[in-house]
Amino acid sequence: MDMDFFVLMLAIPLISGLLLTVVGERAWAPNLNIIASLGTFLSSALLTVGIIANGPRFAFGELFFIDSLNVLFVTVTTFVGLTTSIFSGPYMKNEQEHGRLTVPRLRLYKSMFQLFMFTMLVALTTNNMGVLWVAMEAATLTTVLLVSLYRTPASLEAAWKYFILCGVGLAQALFGTILLYFAAERVLGETGNALLWTHLIDVKGQLEPTIMALSFIFLLLGYGTKVGLAPLHNWLPDAHAEGPTPVSAVLSGLLLNVALYAILRCKALADGAIHGGFAGNLMMGFGLFTLVVAAFFLSRQKDVKRMFAYSSIEHMGLITFAFGMGGPVANFAGLLHMTMHSLTKSAIFFAVGHATQKTGTQLMEHIRGLMRINPLIGWALMLGTLAILGMPPFGVFAAEFMILTHAMKHHPWATPILLTALGVAFAAIFGKVQPMVFGETEAKPLPHAPAITPVFLHLALVLMIGLYIPPYLTRWFNEAARMLG
Amino acid sequence: MNISGLLAQLFAIVMALFLAPLLTGWVGQCRAWLQSRTAPPLLQPYYMLHKLFHKDVVLAHGASSLFRVAPFVVFGCMVLACAIVPTLSTDLPFAPAADTIALVGVFGLARVFISLAAMDIGTSFGSLGGRREMLVGFLAEPALLMVIFTTAMISQSTSVATIVETLAHREFAIYPSLAFAGIAFTFVSLAENARVPVDNPATHLELTMIHEAMILEYSGRHLALIEWAASLKLYAYSCLGLALFFPWGVAAGDSFPAMLAAIPLLLLKLSIGGFLLAVIETVNAKMRIFRAPEFLGTAFLLAVLGLLVRLLLETRV
Amino acid sequence: MPTLLPIDTLLIAVCAWLAVGLAGLVAPRNTRFIAKTLFPAGALVGMLVGFVSLGSLGAAPETAVLAIGLPDLPFHLRLDSLTAIFGVLLGFISVGISIFAAGYFREGEGTAPGLLCLEYHAFLASMLMVLLADDAYAFMVAWESMALASFFLVTTNHQHAEIRRAGYLYLLIAHVGAISILLSFGVMTANSGDYTFSGMRGQHLSSFWASAAYLLALFGFGAKAGLVPVHVWLPEAHPAAPSPVSAMMSGVMLKTAIYGLLRVSFDLLGSPIWWWGVVALGVGLVTALFGVLYSTVQSDMKRLLAYSSIENIGLIAVGIGLTLIFHSYRMEALAALAMTAVLYHCLAHAGFKSLLFLCTGSVLHATKERSLGKLGGLIHRMPWVAWLALAGVIASAGLPPLSGFISEWLLLQAFLFSPGLPHPWLNMIVPVAAALVVLVAALAGFAMVKFYGIIFLGQMREESLKDAHDAGWWERAGLIWLALITLCLGIFPSSVILRIDAATRQLLGTGLSERMADHGWWMLAPISVERASYQPLVFLAVIVASVLLGRQLVHHLYHGRTRRSAAWDCGYFFQGPRAQDTAEGFSQPIRRIFEPMFRLTRHFPTARDTQPYYSVKVEDHFWHWLYLPLARLVGGISGLITLLQGGRIAIYLLYSFITLILLLLVARP
Amino acid sequence: MSGAAISFSGQLINLFASVILLLAFAMLAQRRVMPLINLFALQGATLFLSTVVVAVSTGQHHLYWSAGLTLVLKVIALPLILHRLVRRLYVKWEVESLINIPTIMLVGIGLVIIAFNVALPISQLSDTITRGTLGIALATVMLAFLMMITRTKAIPQVVGFLSMENGLFLAATSATYGMPMVVELGIALDVLVGAIILGVFFFQIRDQFDSLDIRHMERLKDL
């Protein structure tokens, strides 16, 4: 029964993606996009329920493996995918009427969106580290097309940088995967199982530490490029700023998570093979460096989407740091933070999308008085920003609280760095968002009313988690955190 | 508290009310002698009060109710101050109502009211006087409290009655800190009572006025009350100084005979004090207003020095 | 049937406040409904909070655990005497402010009234939660919610750039402070992983870590309370906010920071070290002196009050420092005296400062003016507000017989009996500190005379002031309530102190009540009558009696005739309102005497000016000494870091490459 | 693992690997586009041969598939696509480099030393006949990386990228006799699709920037 949902979850985006390449110009295509996303979400939700009730499962032999860890990522992915598709309906219509997009491009957008979802879901659920790599590369290819959707010089430049940098990064990840295979083959023999994570994790203690260390370096750098770890992050702000806003939302909210997920799976293996916290220390180092660099980047930003892209980098740094610390509490906090970040950041991008459409610019100095143009968007952006900055009672704070307290306990030296970065980030982002939201303006309303429901849905969830984490969720997250070791 | 106590208290207050203008008159007379002028009669302040009470009150158009209430409040404050300061006896019913800190508070309250009243009409002199009065006040108050602290540390109490009892009725000891405190107190008293060198009660040259500038718009009974309150203030300060530094002779109980016996000594002390005040006023010239902070700053420093001397020399015996 | 414990009642009050707030969203533009129904309802809840807290003073602590929060750290709540005393403050002060707000908020002012109602009541609810919280997470959530709610209230009129700037500064400093508080909690858990306050109490920290926790808490709570040098947000945010909000922030919110500081220093950290007290004393003195000096030179009435709040917070910090010193040397009776002064001053300041802020609100509504240079003579048009403000002014100046005097009196008493400290340096420093405290109190009088005299007295400086109207009945009721609080705190100190004593006893193990109970309720003698005593009622009675008696006698013996005439013009025909002292002129002596304390920019007219003018601008030194360099530093670093993103793809690849090579060479398991 | 004589096939493989490294250096030094693409094809061909030798000598059947994929993709399809692109896009023949060639070569030699040293402890653990080539594979990857960094035009950069894939294939065959089939297929598909997308990209870039010089694409920055 669960497996039917699983198949459905993979099939719906694949089929609808292919279908939309054909029929994507029809008037009902946006609705198909939403319906497909809804179907994906529902099947993933049912799958989640089944997995949590009945425990981990394989699918298609041992090719796919679903446990409570990746089902968490899957649920977040399909949920944000659904809300993004809802949001992109009116957004893309407005873009079309502004003449920024043509009908064929919209078709491309919709089909690539679904295929992108498909590749992410494959990457999340596969048991094979090689297939994981293939799916990541495929996700890059689909998003390259999404980023360059406007075909403006800037978007092409961004897409080119994205392609080259992530391509090179993933090449390193492939090298890491080869080394991993090499190490595994020595233990598992020349069967096809040597890249299956479930087999690897069983023998993780026997894997050769020297090879695993080298392998993890390559994997961390490779997938880390996609996560946006500094100094490998350079593609990220460009791609976020120049692509359409829904794409920014899914890039920030989902793709980074998937890449992080890949690192986490590798870390579990590396931890088993190498003692002394080698993998964790590397991740903590990268996480801290990323956090600090991103925080100081923030104050020099002029473009709103670029700024929030840096904010994503910052949070990815923090999450990487959390996972680097390891242990049930930090892993729990990392997972929670990741979920909260996905929800909040995509909500922010939705709000920013509407705001930029209304004002016709992404330059923050020209966006003023959102509260006057549309109070809902203004509040959405304001609350979203406060949430992402770690203000209670929002859920991001809950996660940051756990990360900070855990860091204080085990790595007290890191706390001042963390706090400095968070403080600088707060000053920078809030100082720029506040004048956008408040104040006077003379912008006009848009032809299509914004889809504001997704924004507040996300924020409500984030708020709820900040005050109350249901026991069901706690059990689930704990289980997932335990998976990570 | 009993009837005789209340009566004794009432007696002390009434005596203060009637002795205060006399003290003002006495100081004026001494000043005149020292300056080789023909002295006004000793009872001149009484004549003036009487005259002023008879006169109609002329209020400026802009005067508010606060302007009319203020003289009564100021007068009330001074009455209270005189009730608290032990003049004849240390054991009066109102003595525990306020200690020295509260006493400073009473003077502060009166000052705030008179300054506010000065600002009420909205003439340039009124607010000028008000701000100068507050200036003097915020400089004098800390110095005064430091003086009080020094004495309070000797007696381990801020209650005026206890201070006086400690100093007067225990075995005699020399307290060098009291010398510092005494000089500081003199400085503060001069400033607080609008005396030369800080202010000149006799002046009507606008730019040098403090006290007179404030009450420029008052007339009739209001002015009378204010003048009377000023006399009471001088009286209270004198008695406070006497109580702190020359406490001998103040009765310990509230029995009338003892109090009556204390009167002559009090009169003697007051007349000497008044004469010395006149001397000081004669040998000094009025300072520029912005020298006043230096003057009072000196007082403050002296008082703090006294306190430190007290801590350094007198605590470890 | 389970009995309703006080803590449950308070939780219900939190929910009730939230519910009232949310009800505002039902009809966000219906001003009538919101102002005349919801705000009074909020006041009722406040009354409930006040009385319940009053009732639980001295009772055994109650705890509760809510099933919300983090999975392994649900919300722990605790109602003890320290919470209760601040609950009393919050409850009763909020009653007055809510009633006033019912008459104050009108249509067409920035944010929709419904939203304002939500923010306001969320602010109240979060403050109560701050007091109740008994673990780090609940505390931080409530603390930051409080900051957020008040931030939105401050930015109600966000069309103005300076209000946005104020809001930004406020939230930024609040957040930095919150981070510091969180760190302090982290230090106090000392690796036990137990973030409940009871867990922290059980820790025995080394003196180094205890000091670290204390200093972090001092900084964090100081940032909220407005201690120098993290005070800069306060004079910006208070004037920016609508007056009831300023009143709430100044009167109540600053006290939650004091609450936090007390909670950490005395309750959670256990045994203090003597120099903690010296630090608090020093910071407090600087803050108080700084606040009062700046308050005297302001020309905006709300800024003046804001700086005066800084001054009062400084005095409270002085008291806390003194308590810490005594407590560390086990001089518990004196510690109790100082602690009582602290708590009393919290109550007193809450009362009179919110009263004064509300009065400025009425003035603002009546005249649309905040600048002192354009006010004057309002006692003729607004007698109610003027006379009620006078109560606040006298209390704020620390004069008898009102509330401000009592706490200053107690504080000075504590100072006075300090000799005998086993530390010779302290013995010398403490009396000097007392002298400074007195100087501050006297300067506060100066500031208050300026405040009152320029706004309410004199001639009207603008023609338009003639149309000013007095406050409405709702506003008057709120003002009267607060004035009554101020009066009662001034007149019945013994009764109040006997109640406060429960909190003192909880924190220090001893209180003043044994000694106090011997004397009557009219007599305040914290140690003994021989040492110091004060009877405010006698005090008031004598003054009132002599005023009335004097008046009767004079009228009876002489007459009561008055005539009206023009004021004496000194022989100069023009005596218009412009000839009065300005706000700047009034504070000229202070600027002159304390010139190095200010950053002055002055323009003097010269003889050749065709349009001569004089102007003076007073700026905060700390802004130029601390904040701007810090901003420049961050800007500089971020300028360097931005070099990373130079736009050239080859360079980006190079980063990746170098990282790879470095890791290959360096990273070894 | 000391001093054992290396079999003939092992020697052959080492020879091919060395040729691949040599070609990587040649590509690094090459100044023109067309010869660069030809060198890339030659590298692919050598890789193909090496894979075939491994397959023959070890009897790993799926390596034939792998070799076939290499032949089709790296030797035939991609060079052809690139050739057509270069013609259609009228790319200037000259390839410009950011740093002069001798310096690049020196850096390249340094990289080879690093790569060999890094790979040494690992290849000693291997018991395949190809183990010595892991260092060469890593060196190839790094040289390709260096090429991507130093080239200023889009097409040489992509050639560098593809050459990096060659190095990775060499690593896969040398260390483990190739990856599982499903992965190999997936990788091949990705490379193909990537190349096609890049081809489309080149046209768009040319349309927008009138050039394939990536120095025009430096406008997105925070400086």
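Chains here go by letter, A, B, C and D, matching the order in which they are written, and residues are numbered from 1 within each.
Basically, contacts are C-beta pairs under 8 Å (C-beta built on N, C-alpha and C of every residue); 3 or more make two chains touch, one makes a residue touch a chain.
From a predicted model like this one, the values you see are computed outputs, not experimental measurements.
K.L.:
Any chains in contact with both chain A and chain D?
P.N.:
C
K.L.:
Mind having a look at which chain is the central one, using mean CA positions?
P.N.:
Chain nearest the overall C-alpha centroid, as shown: C.
K.L.:
Report the chain whose mean Cα position is at the greatest distance from that of chain C.
P.N.:
D
K.L.:
Between B-C and C-D, which chain pair is linked by the larger number of C-beta contacts?
P.N.:
More C-beta contacts join the chains of B-C.
K.L.:
Any idea how many Å lie between the Cα centroids of chain B and chain D?
P.N.:
The computed centroid separation for chain B versus chain D comes out at 101 Å.
K.L.:
Please compute the C-alpha centroid of chain B, do the same for chain C, then give the distance between them in whole Å.
P.N.:
Chain centroid spacing, chain B to chain C, equals 35 Å.
K.L.:
Find the geometric centre of each of chain A and chain B from their Cα atoms only, then give the gap between the two centres in Å, rounded to an integer.
P.N.:
Chain centres of chain A and chain B, defined by C-alpha means, are spaced 78 Å apart.
K.L.:
Between chain C and chain D, what is the separation of their C-alpha centroids in Å?
P.N.:
Distance between chain centres: 70 Å.
K.L.:
At which residue positions does chain A touch at least two other chains?
P.N.:
160-161, 164, 168, 210, 214, 237, 297, 300
K.L.:
Which residues of chain D are in contact with two or more other chains?
P.N.:
Residues 118, 145, 148, 157, 214, 217, 219-220, 222 of chain D touch two or more partner chains.
K.L.:
Two or more other chains in contact with one residue: find those residues in chain B.
P.N.:
none
K.L.:
Where do chains touch, given as pairs?
P.N.:
Per the contact definition above, the touching pairs are A-C, A-D, B-C, C-D.
K.L.:
For chain A, which residues are in contact with chain C within the complex?
P.N.:
160-161, 164-165, 168-169, 172, 209-210, 213-214, 217-218, 221, 225, 230-232, 234-235, 237, 274-276, 278, 282, 293, 296-300, 332, 371, 386, 389, 391-393, 397-398, 401-402, 404-405, 408-409, 415, 419, 422-424, 426-428, 430-431, 434-435, 438-440, 466-469, 471, 474, 477-478
K.L.:
Help me check something: in the complex, which residues belonging to chain A touch chain D?
P.N.:
Touch residues, chain A against chain D: 63, 128, 130-131, 133-134, 137-138, 141, 144-145, 148, 151-154, 156-161, 163-164, 167-168, 171, 174-175, 177-179, 181-182, 185-186, 190, 192, 194-195, 208, 210-211, 214, 237-238, 241-242, 297, 300-301, 306.
K.L.:
Over in the complex, which chain C residues touch chain B? Could you list them?
P.N.:
376-377, 379-380, 383, 386, 390, 393-394, 397-400, 405, 409, 412-413, 416-417, 419, 427-428, 431-432, 434-436, 438-439, 441-443, 445-446, 448-450, 452-454, 457-459, 523, 525, 529-535, 538-539, 542-547, 550-551, 554, 557-559, 561-570, 575, 577, 579-581, 585-590, 592-593
K.L.:
Looking at the complex, which residues from chain C come into contact with chain A?
P.N.:
Those residues of chain C that touch chain A are 67-71, 136-137, 140-145, 147-148, 155, 158-159, 161, 164, 167-168, 171-172, 175-176, 179, 182-183, 185-187, 189, 191, 193, 195, 634-635, 637-639, 641-642, 644-645, 649, 652-653, 655-656, 659-660, 663-664, 667-669.
K.L.:
Touching chain C in the complex: which residues of chain B?
P.N.:
53-54, 56-62, 64-66, 69, 72-73, 75-77, 79-80, 83, 94, 96-99, 101-102, 105-106, 108-109, 111-112, 115-116, 119-128, 130-132, 134-135, 137-139, 141-142, 145-146, 149, 152-153, 156-159, 162, 206, 216-217, 220-221, 225, 290, 293, 300, 303-304, 307-308, 311, 315
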